[in-house]
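Here come two complexes built around chain A, the first alongside chain B, the second alongside chain C.
Up next is the complex of A and B:
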């Protein structure tokens, strides 16, 4: 049952218009749909308030009848009653008109979207769609390029993306940008023109496409990714509890979609799908983006990337037309890889060692693939597009945490199992145990990754003092090292910071949605250093004179005897300044 | 009348009801359609103040020409140069510094117009500048700390003795160690016009265009506004000499042949060390500089970029010399600068350094001469501690 159908039935049931038995189907929908539950709860509250005015469930007919037939009386009560009745009737009519307007799906509001996108992963088992792409400004001689193609997805990570270049190129040696990306369990292949700088076009692109074929692929391999965010942009909503949504919906193929206003950094994983093969116009992470999500399925049916200037037609438009589940996912035909000069074996073998197994997984997760690549064992589980993977090794040489968590991490308690380290804004949880190192990754919320890590039966120890992450600190430690310490407080858009303390320098890394985030460095200081570059800009930040260096994407200023630096390649200057204004002294 | 009231109330209620329903459907507020990132203006610091400087001194008459521009409100021209300190005494006449005969401590000096310059500094710093007279000098705060001299103290310079009449924040005098009035400055050889401070009514772009039009064709010029650089002075891409001394120490020197100098042997023995570093092998640098230099080279090696440093193209770190004859001491004299890949990176020309090498050097705190107004693309020197 669809959300709008369920809501209509339940609203009618609340008003006694539908027998309780007849609403059973809608109630079962409610059990699995927190959005509808919220809607019905709210509607019930309003209804109760309305009933408090006149304790009758069916007001409209009676009130109108009274207005029409009541003779005029001179008492105050009698003069007032029709006005109250008119008001009540109007309220109900207005509310009914709005609720009953056609085409309503489950409403997406900013605070809903991240949670709903993550929750929707388990409801997607397959998808097929026609893909249309319009790209502007790739080359001065080719102002517009158009592509059509198809996307086929079967959970958890089988992907077939085919794009045919429909552009009418001028005469010359232009090579059509036809692209294929195919992922099927351990097989990964891509075909497209060899990368070549735009300014060297058209001659630098070889006429023969570059073909890469890889076997022995690990499940959910980072270096050989399946572009899952084309199906559902979970990576872009794993952090943050709010999103900026457009006031107006837009129809895509007759289905309403909600526009989420953001920057390219938030949907980097989605846009990266286009850059696996072929030549494309680069998209800076700070470019403005409107992401159109199908209101019901949350499939990204449209992506509009602004020109950096913010003017003119979008630099890139992606459309998924007719997106719908496959009738028979099991019959999806995966094309065989083309002939390639070299077939690389990534070394993963299914069915071999699986490493530690979690005793807890999110409900619905089923085993996907287990195996090993050399000394690293990996096991994975999936539920629709949602997935979890545990990688483990007993042969980690040390120096830094296993799993590529990035330079700055934070510690997290593993209940009853010591400590873990969280990196990449919560997308990875590493455990350094006695004789074993492991990392838990996945598309599920960060607290669930921590819970999986805690259930592996491996006690997490602090890393040795000579490892990179040994300077990882808690907020209390950081505050003791440098006071007053500024931290971001009350933001819905960033995860808890990863913190590092080296001498009297404190570094906090804030990860946001997708690739968005910034690093905040604080150290004692009484003067900014001279600028590295000619192109620097004086800005006012937190009521002080600061400096923005575009080349290094650094905003710096002096405050309370400290040199404060904010660095980000994924936030615009205005966003950084805005984040700076949200900094507060840590307590 | 009654009917109209009912209808009006009913209509209003319809609208309220519709609004309430929308509110119910949207438990969180639906935000504006325009992204906030596009609507937040980034405020700029004080508008209407501009630093103008050209390499090697300003062209003759530039200050006068700029002052005649329609939208220029005020201009002051600042002269700069190096002066030699022979001896310093505190207010009670006790000797503080006294290099041996023939030796001197180098000081970075400016000379200002005491009538126009004070309008460009904070109100509280203006009076001591206005009062600067013959035989008097102001010290920057770092300089005063290094000298241990305050008001009433005396600096015996090569051009004569001057009395310290006050101490001002480094930024007030562009990071210089000492500031004279123009006439006193001339007595000490501080005569080259180095930079202008300009207060203007027009936009920055328009003012820059107007000033450029006054310069000889092809003359490179740097404009800076407050906030862009901590010290409004010429050569603003490097640390002022006072801050180099503050971090790496101060020494006495005496001229040798050409641009070579001799440095106080005791200072050299205490501060210049020989160390083994990745890629280059043995180097001679300031002891407090070696760690960052070695770190940068180590990172290049670890990243597989060691080949970007041409071993025969390394032209040294510590070198006791002036920037050029008649110019101040080079940062090489402190052992806090180095030249690499000199064979392909000629001073005054474009950089042939690999951007990855430059990025790593910057991360380790070295400013890159290739981005200077007067490019020196083989040159890197200390600017700040390594980035974390």
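Up next is the complex of A and C:
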């Protein structure tokens, strides 16, 4: 073994990322190599020094003071922007791929898909199906893993997923990745192998599965993907416009299915539901995905996740076979939770005070679960499938909007009731009222959420000037702050942007389908800042030479005396470049 | 690494400042250490560490319990650090980033390590600090940086090799 080879193994071993037996060869090399021993000694001394910083300030008082008194400090907002690409995740609009076909209009059939998916949620009140999963490339010693199992869904808030690992592992201490995830109204539990880095497999996975049990959940709580998303990608199509649909249909168990071409970001909720427990190969949000929807029921019957390289068999294939409604959904047997070392109580109690009640709800919506968790009251309604929830509190300390809307929001008029704020790409509508703060969320289209918010009898006021969202601006304000201002025009793939103006810097956040989206930042500038990372790539964008930094997922270029930045962790470079080509000067 | 009770996170996201203070206490040491080494400046590190927790507070509502809370906080710290470097660069309109800082003449071993770290390219320094200071696994580091796990492994190794080379080139005393 050469010195550099041995040291590469020993470096990983120092971090606990290599099994002792796998490092045996490197260690025996080390025993006879003084030069390598010098390196290892230096690494270990560096480690000691790095952990020896002793001038650690107590930050608590300063942080709380900043939150209380200057949350919208101007520099703070600008500096948060690179993360906004991630915060834009969780946004909507049923659109899809634009990258490969710049300028191409939506497929006529595709334009119909999101509307049909959303409409379908009101037709599916139960479902059972056999699940088959094939996963490739998880570990060098285990190139393919196969799972079979069953999925049961009963609207609106019950799901039972059982997966049995059918993989033939090589000899050794491999722990089967058997997984159970059960959600039933106020309770959920999950059982599966404890998380462990792939490179440290199999030695680091305990043989005993990890069990998590949570009770006292709020209705449709966000700590897990909504069960509905596992059987119908509703959140990925909530403000749908158009989708790229494969021309050729495919048969699944004798039933025709339509293929929708997208990326993992659009069906993040579905993939997250599968990955609640156990060890899986990570799926990057930009991975190519073909989602096969049963042509009649719009239920996903197949998901193919591409290899990142775009070559070879799919990295992940999910198949739902024999999908059919339950004969008697009300009789679905929900497995009781296994014994768990800790049962966490999320604190929600049904039946307590429920806060403001809307005077308008979509047809068929009936009260579902009401209650409170501490100072936050929550009330929910469901037509048995689709759902709406209102959370309200009189104890919000301020500084930012209540409800977790993300960094960038946009204002929306509430007819006759002042203004509201829309975030999470339209999936949440927040209202800051006199003495009360509330947020409306649900599986229904965004305009309906706004209508529900406007019917709560709470007049929405602009947030105080020292709240984060106070710099939320209109397009006219942004145009006045920086001209000429580029905006996305002519794309049905993104919703109207959320806009923020900080001095002469304008930030627009565009939400796309599912978790897809990007942030566009424009400020005066005549030179690109020096590259932060050596791995930058020159890119032709809008007829100019720009720069792509893979680590920060940032595309930058100069145009008309402005520095333009586009950031996204959910779009590929080609998709960002394509979106850049659709930018026009705002009028 | 400290992982908070999810009930504490949820309470903090609902505005309970005592719970949020508990989270800050739990992470202030690793976050500050990371930024101190990453930025190479104690004052800036303290400011950016505060910024990290203010950002975390503003985003708590969007934390979905689908990743470890520690990884989520460290991602924010890392990005806050990157932004600090970037905005500094933008403000100063530097044509080129300054070269490696002059090695410290301070004989203290820690100063030697700081100088060696400062000479590392950020793309090597970052994963090394995430692994060494924050104790993240390669998989967690990969998630924070948005790069493949194999890239983390390779960059950590190359970072260590560069540090040793720096010590040797400079013929420094024992660190």
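General observations
As a working rule, the second predicted complex is superposed on the first by the 472 of 587 C-alpha atoms of A that agree within 3 Å, B and C clash if a C-alpha of one lies under 4 Å from a C-alpha of the other, contacts with A are read in each partner's own complex, and residues count from 1 in each chain.
As a convention for this text, a contact is a pair of C-beta atoms (placed from the backbone, for glycine too) under 8 Å apart; a residue touches a chain by one contact, two chains touch by 3 or more.
What you see is a predicted model; the values in this text were computed from it and never measured.
After overlaying the two complexes on the shared chain, residue contacts for A:346 are found with chain C alone; chain B is out of touch. Of the two partner chains, chain C is the only one touched by A:569; chain B is not.
When the two structures are aligned on the shared chain, A:447 is found in touch with neither chain B nor chain C. When the shared chain is aligned, chain C comes close enough to touch A:400, but chain B does not.
In the superposed model, A:468 lies in contact with chain C only, and not with chain B. Of the two partner chains placed by superposition, chain B and chain C are both touched by A:552.
Counted by residues of chain A touched, the larger count belongs to C, out of chain B and chain C.
When both complexes are overlaid on chain A, the residue A:561 reaches neither chain B nor chain C.
In the superposition on chain A, A:529 makes contact with both chain B and chain C. Overlap of the chain B and chain C contact sets on chain A: residues 38-39, 42-43, 45-46, 67, 82-83, 86-87, 90, 527, 529-534, 552. Residue ranges of chain A in contact with chain B, taken from their complex: 38-39, 42-43, 45-46, 67, 72, 82-83, 86-99, 107, 109-112, 242, 244-248, 261-263, 288, 310, 500, 502, 505, 507, 521, 523, 527-534, 536-540, 545-548, 552, 565, 572-575, 577-578. Note for the complex: chain A touches chain C at residues 7-8, 11-12, 15-17, 38-39, 42-43, 45-47, 49-53, 55-60, 62-64, 66-67, 71, 75-76, 78-83, 86-87, 90, 197-200, 214, 222-224, 272, 275-276, 282, 344-347, 373-376, 393, 395-397, 399-400, 402-407, 424, 468, 525, 527, 529-535, 550-553, 569.
Those residues of chain C that touch chain A in the shared complex are 5-7, 10-11, 13-17, 20-21, 24-25, 28-29, 32-33, 36-37, 42, 46, 49-51, 53-55, 57-62, 64-66, 75-76, 79-80, 82-87, 89-90, 93-97, 109-110, 113, 116, 121-123, 129, 131-133, 137-140, 142-143, 145-147, 149, 153-154, 156-157, 160-161, 163-164, 167, 174-175.
For chain B in complex with chain A, the residues that touch the partner chain are 2, 5-7, 9-22, 24-38, 40-46, 170-171, 222, 225-231, 236-239, 243, 362, 367-368, 371, 373, 383-385, 387-388.
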